[in-house]
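What follows is a short report on a single structure.
In this document, chain identifiers A, B, C and D correspond to the written order of the chains, with residue numbering beginning at 1 in each.
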Amino acid sequence: MINYPKINGLIAAVFTPFHPDGSINPALVSTYADRLKRQGVAGVFVNGSSGEGMLLSVEERKAMAEAWAVHGTADFKIIVHVGSTSVQISKELAAHSQQIGVDAVGCMAPCFLTSSDVDVIVDYCQQVASAAPELPFYYYHLPVATGAHIKVNQLLERGSKRIPNLAGVKFTYTDFMDMHQCLALQGGRFDVLHGHDEILINGLVLGVQGAIGTTFNFIPEVYHKLMEAYQDGDFAAARAYQMQSIDIVTVMLRYVNAVVGGKAILKLAGLDCGPCRTPLRNLTSAEWQQLEQDLQKTDFFELLTESRLVGL
Amino acid sequence: MINYPKINGLIAAVFTPFHPDGSINPALVSTYADRLKRQGVAGVFVNGSSGEGMLLSVEERKAMAEAWAVHGTADFKIIVHVGSTSVQISKELAAHSQQIGVDAVGCMAPCFLTSSDVDVIVDYCQQVASAAPELPFYYYHLPVATGAHIKVNQLLERGSKRIPNLAGVKFTYTDFMDMHQCLALQGGRFDVLHGHDEILINGLVLGVQGAIGTTFNFIPEVYHKLMEAYQDGDFAAARAYQMQSIDIVTVMLRYVNAVVGGKAILKLAGLDCGPCRTPLRNLTSAEWQQLEQDLQKTDFFELLTESRLVGL
Amino acid sequence: MINYPKINGLIAAVFTPFHPDGSINPALVSTYADRLKRQGVAGVFVNGSSGEGMLLSVEERKAMAEAWAVHGTADFKIIVHVGSTSVQISKELAAHSQQIGVDAVGCMAPCFLTSSDVDVIVDYCQQVASAAPELPFYYYHLPVATGAHIKVNQLLERGSKRIPNLAGVKFTYTDFMDMHQCLALQGGRFDVLHGHDEILINGLVLGVQGAIGTTFNFIPEVYHKLMEAYQDGDFAAARAYQMQSIDIVTVMLRYVNAVVGGKAILKLAGLDCGPCRTPLRNLTSAEWQQLEQDLQKTDFFELLTESRLVGL
Amino acid sequence: MINYPKINGLIAAVFTPFHPDGSINPALVSTYADRLKRQGVAGVFVNGSSGEGMLLSVEERKAMAEAWAVHGTADFKIIVHVGSTSVQISKELAAHSQQIGVDAVGCMAPCFLTSSDVDVIVDYCQQVASAAPELPFYYYHLPVATGAHIKVNQLLERGSKRIPNLAGVKFTYTDFMDMHQCLALQGGRFDVLHGHDEILINGLVLGVQGAIGTTFNFIPEVYHKLMEAYQDGDFAAARAYQMQSIDIVTVMLRYVNAVVGGKAILKLAGLDCGPCRTPLRNLTSAEWQQLEQDLQKTDFFELLTESRLVGL
């Protein structure tokens, strides 16, 4: 088994920019990447759920991966999500990721005719991971969306015998017992990236060091301060920063879901990534107005001003 | 709106034949089609859930559609399922279906980031249906797998204003109130194809005339007799045939699910479509043995003998 | 095993009348029973879900059972529901039912810490049924509310070896495969009472002869005509009556649930059973108005006029 | 509103002792209470889910509450759970609790015909809490069992205006965002008692100070050490203690559920509380053997030896 270095800090689960006509707009990625780098974000997770990856064609996914790949640096990791309902497609995307030279691939369980049998999911991951053998492979645990209700610690344990490039997991679920078991497994060799921004602190206490999240697109500063306060042992401050995040997440989730709400908030934060694609729907003008009003009751606009990013 | 003739009789939800190495085997389709025609089956539903359609690449789906298209006749309809998680892919497949000249397309709701908002699903269907405007479009209602818990009668009603080629629904759910409402809608103009073999009779009483099913691959005779008995008003006989089907379906579902179990039973019925693709898994030899024993407690092998199809 | 005669016709799942202060009002039962008898209803199911049975104290349940018991006749069966979260309470209620001389008891699976292991539920039923050994015992299958997702045909089969007074099932679920298996079991000796008014016809085709329902409280005539038409082989008419029922059920379910909506509709039909008890809530005046308007779009008020029951 | 002192430390969710014939055995409570006191447990939660409270009759629940009440001291709090499917029963039990002089009452949402409308649950709680106005009232949040999927922070906020004796919540769910919001509400005045032993540490980081749990019946020492290590800032040690707990919880949950598995483990720890009541089932002898073997792979028996409680 390969021992990869762990990813520290915040990975933004980036949105896919679309033109008004609904076609992808990879040209915006350059601006997007600059912005995130200036905010101290440690990298991006491309074509994930926030990125509407499963809603794109294979060619579109490759185009987006390529658009981001060129912005990768030692301090700005590019992780490409390759999950789909077809292992064939996922393998093709994984091979492409390796070929264009990104830092890692992530893959969720297939969401159609899926299985909660951990051996089945290990097998699936093994096939996909073997198509990009030179890249670290992260399992993307999102059971609420995929229906694959497995224990990730079992997947890591059994997978470690069959998948040499198994690096860890993007853990987007509230089963902290399982997360703890993942972190404790095999001397702590697996990288567990926390996928729920609003409960980041509940993972920090288990030793989590990195996270992948939607709100890191617009308020990474809050989480940087949260993690610093936590490291300094100032828990009251850490909790207060987490509550800032919770207030904004609560608003975000009120607008269809994290993708639709999050993309809308990023536009209010100065970066317009265009509409969402069906089956997501776009907000009505009444909803846009309400969203702004809801955000005004949080610290969102103060945070924007502090970050000096508005209008970039 | 276009008024299409309804489909009568049994449409087999065909399996996708694979080579032992896991690649698709379209060459087997000719044998498969002949066999179904001899059994009096009225057509096929290609690349659906039984066909592992969502588990194939786009190219593989096109290849399978083409392999079946050439066997279409006035008495043997070819319906191609084009649903996916990406409207872009579904549109491409729908356009391809029209181009190769099949009889209809079917499309399930996207299963990732899906919605139970009927307007969202109408919108999705409208985009896909418009890519194959010359073909009748069937919504494939499979909420247990897609998570799109809508009322189909609302989809048909609202969709009829926006989708000229909306023909009906493959209804694979147990909400008979909704099915009844679909059948009663707009003077009964929509074609409701029953998707649950084991409860076909419960739809016949509502006026259903056609069905799409997995077990029509191996025991269509049972359902032909069921429908005849029903038409003749011999309900006791109709129920008895339905119970024959129930006994076999009960066994089938015991082996992972209808796809894995069904494909295995078709092999025992003389047509070997090869392995299933991940995330489906294949039966162990112990399971194969048990499956045969379980079937021996049903009428399965007697039915095979009567149908004179073994070994074809 | 005892072979009981089956129940034919419609059993109303009666509501529990409350005074405005929230205490039970058993004095109304006499009027209620007269009304149902005049409408040709074959009996009542007391303290079920429609009757808010689980929301009452043990003493209140006994009082309601006693209030109904005195109205029992050969043509008007009294079935008392005794299910609870405590087998101790259920046994006490079953014994009381036998003591006061009703026609049968019904019992749902306990809904707290419940089990989908059929042997566990058989065991539970055995304990309750043995407390009223002289009464036919009906299992009340309501998995959506109890969480006991068992196959009733397995319960009947295994239960028949251990519960001499096991008579059948009130089947309130859409699994018609299971219902068919129940009806076919042991030469059809079990009584399967259909518990979903809006899909009654889908059970008739399997041979169902009796039903227990909420809407039989106010529009039994529709179902009498439905069953007659069905017996006469006039399926078009039977379906049309079922659609009348569906239209009214659709409205009913829009108002919180079948209990709240149903009780409100019965009030509009001339019998005021008072408020519902928490956790049910009562309609606002705006909702009452809307309910009337919604019903005006159905045949409800015409049916009332025909039944000559308004104001009784 | 009343400002109650918060509960610190560990409250054992005690099992109900039964005689072999299935009747309750309140005489064992004295031994049980002594044992817990010697282990430094801060009190008990009586007639909760672990206590099979909903499976008892009203008289049995009162008898158990009385048996525990006499053991209450300033350092050993008695909290009695009064939830049921009937607000009438819950009010009667709450009034009884006040009358016999316990420290607090807890109440879960009714699990039959329940609601996820927070106002409905507030209303329910208000009725129950008003029957014991002199006792602090704790909402017991157990949505997985009750089906009441509300946000507790909303219940506390709205409830605080209508329920003077609303003290807090027993929070048995993994929604740490909601838990965080509960703790931050109104200057932190509500008492949030953590109800998931295996993820206690994930609540400590939010400021939780007390917990109610099943495994505190047999391994409270582990959690005492966990909490101390956490207070000392030794997170590595705190995590290690949590992993000890996780290993034992993992075994416990393998044996039907926490009640059956937990009661069995307590017997192995030296206190035999007898069988469980239906719909719970008891372990077979093969399962008892396997349970012991499974526990031998954890630190369980070492912990027992250290605690010097075996055979008490």
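In this section, a contact is a pair of C-beta atoms (placed from the backbone, for glycine too) under 8 Å apart; a residue touches a chain by one contact, two chains touch by 3 or more.
Which protein is which chain? UniProt says A, B, C, D = N-acetylneuraminate lyase.
None of these values were measured; they are calculated from a predicted model.
Engineer: Starting at chain B (N-acetylneuraminate lyase), how many touching-chain steps does it take at least to reach chain D (N-acetylneuraminate lyase)?
Structural biologist: So the least number of steps between the two chains is 2.
Engineer: Chains touching chain A (N-acetylneuraminate lyase) and chain B (N-acetylneuraminate lyase) alike, please list them.
Structural biologist: Output, common partners of chain A (N-acetylneuraminate lyase) and chain B (N-acetylneuraminate lyase): nil, no chain qualifies.
Engineer: Counting contact pairs by residue number and requiring over half to coincide, which of A-D, C-D or B-C is equivalent to A-B?
Structural biologist: Selected from A-D, C-D or B-C as the counterpart of A-B: C-D.
Engineer: Any idea whether C-D or A-D has more C-beta pairs in contact?
Structural biologist: C-D
Engineer: Counting only Cα atoms for the centres, state how far chain A (N-acetylneuraminate lyase) is from chain C (N-acetylneuraminate lyase) in Å.
Structural biologist: Roughly 50 Å, centre to centre.
Engineer: Taking the mean of the C-alpha atoms as each chain's centre, how many Å separate chain A (N-acetylneuraminate lyase) from chain D (N-acetylneuraminate lyase)?
Structural biologist: For chain A (N-acetylneuraminate lyase) versus chain D (N-acetylneuraminate lyase), the centre distance works out to 36 Å.
Engineer: Could you tell me which residues belong to chain A (N-acetylneuraminate lyase) and also touch two or more other chains?
Structural biologist: Residues of chain A (N-acetylneuraminate lyase) touching two or more partner chains: there are none.
Engineer: Building nodes from the protein chains and edges from chain pairs that touch, which of line, ring, star, complete or other describes the result?
Structural biologist: Basically the chains close up into a ring.
Engineer: Across the complex, what residues on chain B (N-acetylneuraminate lyase) touch chain C (N-acetylneuraminate lyase)?
Structural biologist: Residues in contact with chain C (N-acetylneuraminate lyase): 174-177, 180-181, 184, 198-199, 201-207, 233, 235, 238-239, 242-243, 246, 249.
Engineer: Which residues of chain D (N-acetylneuraminate lyase) touch chain C (N-acetylneuraminate lyase) once you look at their complex with the stated criterion?
Structural biologist: Touching chain C (N-acetylneuraminate lyase): residues 49, 52, 54-58, 60, 84-89, 92, 109-115, 117, 119-121, 123-124, 127, 145, 257, 259, 277-281 of chain D (N-acetylneuraminate lyase).
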